[in-house]
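Structures for review follow.
Below are two complexes that have chain A in common, paired first with chain B and then with chain C.
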Partner chain A sequence: MFKAAINAELLKDSIASLAVIVDEVRFRISPEGISVKAVDPANVAMGIFELGSAAFDEYSADECEIGVDLNKITDLLGIADRSDTVRMELDEVNQKLLIDVGGLSYTLSLLDPSTVRAEPRVPQLELPAKVVLNGADLRRAVKAAEKISDHMLMGISEDIFYMEAKGDTDKVRLEMGRDQLIDMKSGDACSLFSLDYLTDIVKPTNKINEVTLSLGRDFPILIDFAIANGAGKISYLLAPRIESD
Partner chain B sequence: MTSFREFAETCQAVEKISSTIETTNKVSEFLRKVDVEELPLATHFIMSEVFPAWTGKQLGIGTSLLYAALSKASGMSVKSIEGLIRTTGDIGETALLILKEKRKNQVTFTSFLEEESEFSISDVYQRFITASEATGKGSQNLKIKNLQFLFNSSDPREAKYIARLALEELRIGVGEGVVRDAIAKAFDVPVDVVEHAFMVTNDLGVVAAAARTEGVEGLKKLGIEINRPIKMMLSQISPDIGTDIGDMKEAAIEWKFDGARVQIHKDGDSVTIFSRKLENVTNSLPDLVEIVRKHVKADSAILDGEAVAVAEDGKPRAFQEILKRFRRKYDVAEKAVSIPIQLNLFDIMYLNGDTLIYLPLRERRKALSSCVESSVENSRSISVDEQIITGDLKIVEKIYKEALDAGHEGIMVKNPDSVYSPGKRGKNWLKKKPLMETLDLVIIGAEWGFGRRANLIGSYTVGCYDPETTRFLQIGKVGTGLSDEQLKELTEMLSGLMGGEAGGVFAVRPKVVVEIAFEEIQKSPNYDSGFAMRFPRFIRIRDDKAPDEADSIQRIERVYSQQRKKL
Partner chain C sequence: MKARTCIKCKGKGKGLCGRPRCPILEKFKSVQSISSDISGNSVFGASPPAIFVGSFGYPRVSAGPLIPPFAKEDDALLLEDPARWANMPIEDIISMRSRLVRANTTLHVKDAQGKENPLLAKAQELALSKNPVDTEAWFFKAPKLELKFDAVHTPMGPSGLVKNFELAENPKVPKKVDYLVYDTDALAKDAVLELYKGDVSGEQITRLFSIGLLGKERKVVPTRWSITAVDDMAGKELADKILDYPWVSEITLFSGTHFGNHFEILLLPRVYSFELIEAWLPKTVWSGESSWVGEDSEGLDGKKKYSSLAGGYYAARLPVLEYLAGVKRQASVFILREITPDYWAPLGVWVVREGVKNAFKNPPQTFDSLEAAVSDLAGRVRTPRDEWVQKARLLSDFRFQTTLNSFFNI
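Moving on to the complex of A and B:
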């Protein structure tokens, strides 16, 4: 059983944050809320998504798992107003999701969860350094890097957090000290990431006040932030590019 | 599950071996080690196939997709990768080089998990399928990421063979012959039993699995199955028809039609048509499907025949006309009306659950006539072609002349007591046709034209087939005989196949077979076949032939020595 009502914009943003990783996901539904763990087809980026029942206007559910094509939901929510309420109800027998929004009633066919790539195993990482910054700053640095290169270095050097991109001829660097950051835990950190992924991942952070980055040397980066006034959380894990010595 | 590493190691070992026997031994060791569920797949992989050839399915992963995936995997730009391809001339070596160098290789989460996980032959297959079948929004990205996954999760030496396999071209010189012998050796079964099982199933993967699990008995159980094409029985040119007919005492004489060979499977109301290359061409021939459904009175049957396109004067139209329909995907119905088609059936291999290939031709003809109802309606017709059994050479000459007058190729001379031998070219089926010196060769290189033809292929290098190494050996360069329209068509066909360049000549992946006329074969040190053609001229594209059906180096040697005899 699953029946819920939620603000259209919140749902749209949540779906968009997952859609940067994969097209098809398994939603794990429980009385406490909805969670998703997904890895992109190249095994380079992971998304871990949790939306607690408190994020919903109405919520009641038993344990169940459904397979969803995110593109379909994105298309359907595209028509909705930001302030609309989306009502959802699961028809378990026929594997359909009934969605009411803005006076329209959709019947959405679900995917057989066994045909959707299984939840990935999340590596246990010890990331020595941590930076908390404004999402818009992160987005701005990534956008600048994109103009120059297709990958970006992120690291900490002498209490300065830096993001740097080097092209064939040009270079761009953004440095932020403790005073420009919301918080920082200094440590040995310097890793190179593909902008293909970063560009997509930082898109939803634009509206987020506090984004936490956890970093290491030639190690994946963990990017996480709260959504739905703290009732939900998104974490991205991105594997680095590694240069030989 | 068998790790892909095992496969890559076999490829690597085989690539260094030049002896066929040693190659066969290596392949047989590998087949013995493979997990039984993966054996069919592994058998196809080692022959550079992702799907059994008879399914007609191709992966369709292009070089540009691979370059993009390699670029994402290594951090090297597509442009630099293309540059590297031009020097190495091979996608596999290129993949190995750039991933080994680790300039800015992407790593995957696998490196951060505690236990190492290896991926299997089936995993590679699954990723290929996903990359091949993705359609619609975001599919390009999905294709690239699935390939990228393979490149980043493997060792560079494995990546080399993944890249080559993605193009269905391993370049390790393992063909059907080697695999057939390797299956026999690996599972201790006689080669001729393996060979026969292959001819009726057309699928060495199925054959390997049967040999492994049930041995000789299993192979003998393999039979003809409706909707899975069997190899067509082939004919050879008779140098002296008089002697041959004398040997047979009586011969069955039929016209040799100038059309396209078809193998038709009727299964209830469903009709499937395969071309000479055993590609499924059903969708291109809706009118044939209909006429077979209506006039073949059998629950199930496999028939052999020739489809002929007929011109207004009743003579056969150019062979290419009908082949064009094989390639056509749109306007099929419209074309069907504008080109009348004749279906001439001459053999039957299967009827209502019974395999007929072991019956003599005379008996098969009876069965064929009993289930085919001749009919002419509108622009299409179906019939069992006329066959005369005779030992009289005068009658044979007369039929031969009639066939030529009607615009067909000549005659077939068949032994009326012979079985249907799938895939065999032997003395039981002979053909007599006017001598024209042509060879079917494969395009392996190309040069751009200049002046008016600057955007078209100007000339191209052709090669003959070496069945032992499965490689193609150069035998000449052809630049004449093509109309502008044919040049355009050929340029389009080749554009997706071009690879590395050296001195203005582009390597072309050996896919396109062309018929080339010539005046004489000469010895030549300039080409690696050791032969060259004098005055080569383009005749036509042989869409109906697969590259490994092109004329072999042995055939060239024979033509050369026959020429010498005539002098």
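Moving on to the complex of A and C:
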């Protein structure tokens, strides 16, 4: 059983953050909320997504799992107003999700969860460095990097967190000291990441006050931020490019 | 070829363009040899079947059957079957194809939506056939000797404007073809895929598509566009399919040469992506005095725009996807195509399709590292490694972009 109502914009943003990783996902539904864990087809990025029942206007559910084509939901939410409420109810027998939004009723066919790639195991991480910064700053650095390169370096050097991109001839660098950051745990950190992924990942962070980056040397980065006033959480784990031989 | 060079040389064997033979003279030789077969203003022979639709003047185009004078069923079949030309010298292919007389008529591409044009209706009937069909054509004037070389098209012989042509026997129509041609509710794309899955040859699918026999809103489509459209549609379908398959287990390298086109095909154990690098050595068909290197690629989401490498891109991609679908694996695919001066006359885009297909018939090598594979393949191409390797985005991604499972057991 699953029956819930949620703000359309919040649902739209949540779906968009998942769509960065995959097109088809398994939603794990429980009385506490909805969670998704997915790895992109190239095995470079993982998304871990949790939306607690408190994020919903109404919520009641038993344990169940459904397979969803995110493109379809994105399409139909495209018609909804930001302030609309989306009502969802699962028809378990026919494997359909009934969605009511803005006076329109959709019947969305679900995917057989067994045809969707299985949930990955989420690794336990102890990363040497951590930075908490404003989402808009992160987004700005990524946007600047995009102009001149396909990759961006992130690291810490003498208590300064830096983001840097090098093109064939040009270079752009954003440095942030402790006073410009919300928090920092200094450590050995310097890794290069593909902007193909970073650009999509940081897109929603413009509205986010606190984004936490956990970093290492030539090691995957963990990017965490809260959504829905703390009732939900999104984490991305992104594998680095290693260019030194 | 640069016109100025040709004018200086005039085919006197000066070799100014660097080719072993003059494509213009070769063509004339064979065209002359058949001109005696064209008696007066009519031509009779078994069409393979073959149809040509030009793109000049679109949407008013010239189109019609290709008829080799006096050809019997057996030799006619060979004329439209590139898979069987593998060991023929280029000049033989040119002279063989030059026997095909184009019986042109002018029509509007939308004529395919009605049946008012009797010559189009007859050309369509011919296109349905799997086997050669005896065809007779009457021209206003004796067909003109004409040179027709092109990067996409297969060479063709003289052409003339037809008064009329008739099929002297009934076409043999495969069931699947019959069914889809009469299905006016199926989209052209779906019909093409259905035929492709039904083992109808690419040549016949292109023919049906081109002469306006497939789809809902039917149109005659220039041959050049049809060839690539069919390669692209079939390729997209296969690309979607292989995304569900596991990655190839090892770095695998195939190589082969076809009509002076050398192919190195590298399959990397990663999610599907495709990259083609074309390296044209100096003095090949189109390159003139300098070499030229071009690159194009696609990821999981496929291509959004028409490839900068034109029809050759789609023609190279299709046989790779056929191979991967056959072994039920996906891979990041890197192809280096080097065009050598041995490819002295343009034969059409089938050279690429057949060349890649044939390379997969050779025993592959496997490697432990990308570096070893690249060194090996670089040893077989003449273009200096520095000239192409920086353009190879896919190779750098494979080498430098790590995956999560190289850090964790996920």
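Simple rule for what comes next: the second predicted complex is superposed on the first by the 243 of 245 C-alpha atoms of A that agree within 3 Å, B and C clash if a C-alpha of one lies under 4 Å from a C-alpha of the other, contacts with A are read in each partner's own complex, and residues count from 1 in each chain.
Just so we're on the same page, a residue touches a chain if its C-beta (ideal position, glycine included) is under 8 Å from a C-beta of that chain, and two chains touch if they have at least 3 such contacts.
None of the values given here were measured: they were computed from a predicted structure.
Three-chain overlay on chain A, with chain B and chain C in a clash. When chain B and chain C are set side by side, the one touching more residues of chain A is B.
When both complexes are overlaid on chain A, the residue A:A239 reaches chain B and chain C alike.
Of the two partner chains, chain B and chain C are each touched by A:S194. In the superposed pair of complexes, A:N71 makes contact with chain B only, with no contact to chain C.
In the overlay built on the shared chain, the residue A:I79 is in contact with neither chain B nor chain C.
After overlaying the two complexes on the shared chain, residue contacts for A:P123 are found with chain B and with chain C alike.
Contacts of A:P220 after superposition: both chain B and chain C are touched. Applying the stated contact rule after C-alpha superposition, one finds that A:A42 touches each of chain B and chain C. Of the stretches 4-12, 58-66, 112-120 or 346-354 listed for chain C, only 346-354 runs into chain B once the two complexes are overlaid on chain A. When the two complexes are laid over each other on chain A, chain A has residues 39, 41-44, 46, 120-121, 123, 194, 219-220, 237, 239-243 in contact with both chain B and chain C. Every residue of chain A that touches chain C in the complex is listed here, in rising order: 39, 41-46, 120-123, 194, 219-220, 237, 239-243. Of all residues in chain B, those touching chain A in their complex are 72, 75, 101-113, 130, 137-138, 142, 145-146, 148-149, 152-153.
Looking at the complex, you find that chain A touches chain B at residues 23, 39-44, 46, 71, 120-121, 123, 125, 150-151, 192, 194, 196, 219-220, 237, 239-244.
Residue ranges on chain C touching chain A, taken from their complex, read 243, 270-271, 300, 400-410.
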